[in-house]
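Each chain gets a letter, A, B and C, in the order it is written, and its residues are counted from 1.
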Amino acid sequence: MTALFQADNISIRFGGIRAVDSVSFEVQKGEVFSIIGPNGAGKTTIFNLISRIYNSTEGRLVFDGQDITRTPPYRIAGLGIARTFQNIELFANATLLQNLLIGRHCHSDVGFLSQLAFLPSTRRAELHHREKAEEVIAFLGLQRYRDSLIANLPYGVRKVVELGRALCTEPRLLLLDEPSSGLNVEETEGMGFWIEDIKRDLGVTVIMVEHDMSLVSQVSDRVMALNYGKVLAMGTSQEVQTHPEVVRAYIGGEVEAEA
Amino acid sequence: MEDAARLLQLVVNGAAAGCIYGLIALGFVLIYKATEMVNFAQGDIMMLGGFVAFSLIAHYGLPYWAGALIAICLTAAFGYALDAVILRRVIGQPQFAVVMLTLGLGFIFRAGAGIAWGYDSVGFNTPFTNKTVNLSGLILGEDNVSIIVGTLILCGILFTFFSRTRVGVAMQAASQNQLAAYYMGIPVRRIFSLIWAISAGVAAVAGILLSPVSMIDVNMGFLGIKAFAAAVIGGFGSIPGSLLGGVIVGVVEQLAGYYLPAGFQEVTSNVVLLGMLILRPQGLFAERMGKRV
Amino acid sequence: MRYLFRTDYRQDLALWRHGGDLFWYGLLVVVMLVLPLLLGEFYIGELGGVFIFAIAGVALMLLVGYTGLISLGHAAFLGIGAYVNSVLLAQGVPFLVTLPAAGLFTAVCGAAIGLPTLRMSGLYLAIATLAFGSIVGTVFQKWDAVTGGFDGFAVPTPYIFGISLEGANGIYYASLAVLILCVWMSANLLRSPIGRAMVAIRDSEVSAQSMGIHLAWYKALAFAISAGMTGLAGALFAHYVRFLAPDAFDVLLSVQFVTIVFVGGLGSIHGAIFGALFVRLLPQFIAIVRDDLPFGIGRMPGLEPSLFGLVLVLVILFQPGGIYGLWQKTKHWFTAFPFKRQTAGRRQKSYAKSERLR
């Protein structure tokens, strides 16, 4: 079965530092693939390479059979790849609804003049996008924050909005960057259930960067461990967490893996 | 030989004008590096410094060097007060707000100067007016030479200050990472006000050095716009960068005035600026910084 | 206190939130239409000028307030629109063609300056537009063959279907019509994908790209729209002043435009209109009270720009929301009376956010 997404020897350097060093992996359709590793290992950099914010100095990126190694970053959403950001990059001066509607942008094809005069075609498109955004709001339970400005919302809610905005693009591949950072135990569990729902009900493939090992064990099908930009291990959650190289990278000694 | 002499003359004039641009640019850069604010009123502070010197020397009869020194100190104090009273209040606001604020302040300074000193051009006697120096057959105006020499001395002083003294090093720290500077016990807000003071003092020096060449008047501050070109070429990052940028702009302007048809000289600095921003926005020296997401 | 009860998505899409809004806006339009029958020629002339500046204000608001791109050179676009309109009229082209032509040409110029400045942000963009404005101003002065240089350019009378637009009333109605058109178009853009893309670019360029927004395209588009609208204002401005002098389109005019946007209230169309009212009426106000000011301040030259500067400084320090912000606070006070919270409208303490790393 051909993989939905394949990264082949991708690399990037910042000055003298090899942030990502010949990393290769594939992700099958419908699975949840986690990337773990200590801070500075290059995990978010890989996401930045996939969403084409950075250019890879070598290797290839293939999504659903299409080579996206040199695709401009604004085309990525249209192809079906969405992402969230580690430090929440929402549009702070807009309402929650507007943020989600911006997520619908890659599905908008009304012309300039039509928008200028707000012709019926634009009106119909707007109503359609509003319905789609409302579906995501219902899925994530964000109804009561619909008209709040993002700047006024608490951190936990913003994390969920970030997820919602990515879902509005109707992605086939979803890149989640540390979805549980800043969340407490209950919120993290909730996030885990949402990721399962996304996988099962929406059929979206997920690549996740995570530090919280319980979340990783709860939702992942396969895990890849990174350190210093290089792949240390790849396999099931259990295998990777007990892999001696990985253990040494995190702690430097022997430890039992979480079940 | 005629042409070479003429060319050299142009270069020297350009370098002198360029030093003034460079000094104003230096003021911009000092403030920008520390606080990310741009002081669009920098040229007008230069104008105020020049007027204060004029009052002290021509009106109250103080000797040149004493008058100049006191004018510099007074302008520096004014810069400190400006930051402490007004600029400190706009710290969290978007950069655009600060741009508008300093533009507005510029208007007020010009009007204030007009009310206090009138709208005519004034000048005062300096040790360099109307004297020339002979460099191996080449006659140069001492006023131009004084600008170049004065600028170099000032930059030397500033360089030593920033790299050797405690306050200078503290300033560098505060401009690179405010929070860490606070943790190290550096009084960041006072340091920023000091930076404004130094910036204002540098502007005053520029105004005083410029006065023998072109008189002091209320609209002198519009040179500030040309100084932007200097700052951009220098990458908005360093002392030598600003100075070099200024000299480049000054020399190019003089050459354009000589070789190109009439009327092109005034657009030269703007064209250089626009070209630089489009082709190489990081300037000749600066580092490029990007956001890590 | 009104409570909005929404039952249909269409209500959110509409330009007015409820029947009351529609009533007041409608009343305003009716009043504007009959005003020339009530006020004298001088006041109507002044209002025409306010409308023209309001159009430019709305245009700049779209660029600055909504897309987050600063421009300190918008006077150049006003000038380009004015000259294109006048030169074409002098060739015999009818006004109904020269007006949109001026707008289109200026829009293309806007895109032309927007494209090279794509990667510039904040400060550098401000400086670049400042330089651009200066260069265009010099072009107006030097290109005598077309603009008449310092001799000036007498603007021919515009005719629409045989009716002359000369005179205060003509300018008033023409500007009012164009203003309403521009406000309507802006409101449409803002509730469409383009408007949302502009806001996205203002707030976070990186995530805007990740959502599929082509930064280069939308920034150029924002510049084009803003310049085009300013060009329309410029065409009308030519008929307002009737004689074009090249040094009218200088840095100080650009600063006036930016003042409109700022003092009016960044981020709202209403703000642009309030700002235009303020900027155009301030000189009139000064002229009236000039002789009554103490210490002979009124007789000093340079009073006007200094008052401008003072207002700018005071607004930024104490009322960064501008006039529209003040209006909203007042409305809130009245509608919430007597339950106004002490903290309503109080500015939150904010910390410097580095713009070097946007």
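We take it that contacts are C-beta pairs under 8 Å (C-beta built on N, C-alpha and C of every residue); 3 or more make two chains touch, one makes a residue touch a chain.
Note that the coordinates shown come from a computational prediction; the quantities given were computed from them, not determined experimentally.
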item: Greatest separation from subunit C - chain, by CA centre; value: A
item: Between B-C and A-C, the pair joined by more C-beta contacts; value: B-C
item: Chain closest to the middle, measuring from C-alpha centroids that were averaged per chain; value: C
item: Distance from the mean Cα position of subunit B to that of subunit A, given in whole angstrom; value: 48
item: Whole-Å separation of chain centres (CA-atom averages), subunit A against subunit C; value: 40
item: Distance between the centres, which are taken as Cα means, of subunit C and subunit B, whole angstrom; value: 33
item: Multi-chain contact residues (two or more partners), subunit A; value: 53, 85, 89
item: Junction residues of subunit C - those touching two or more other chains; value: 206
item: Sites on subunit B at which at least two other chains make contact; value: 293
item: Subunit C - residues contacting subunit A, complex; value: 9-10, 12-13, 185, 188-189, 191-194, 196-197, 199-200, 202-204, 206-215, 221, 267
item: Subunit C residues within the subunit B interface of the complex; value: 64, 70, 72, 116-117, 119-120, 122-124, 126-128, 130-132, 134-135, 138, 141-142, 206, 251, 255, 258-259, 262, 266, 300-303, 305-306, 308-313, 316-317, 320, 349-358
item: Footprint of subunit C on subunit B - complex, ascending; value: 32, 35-36, 38, 86, 89-97, 99-101, 103-108, 110-112, 114-115, 119, 178, 218, 225, 228-229, 232, 263, 266-267, 270-271, 273-274, 277-278, 281, 289-293
item: Complex interface listing, subunit A residues touching subunit C; value: 51, 53, 72-78, 82-83, 85, 89-94, 98, 101-106, 108, 110, 112, 115-118, 122-123, 125-127, 130-131, 165, 169
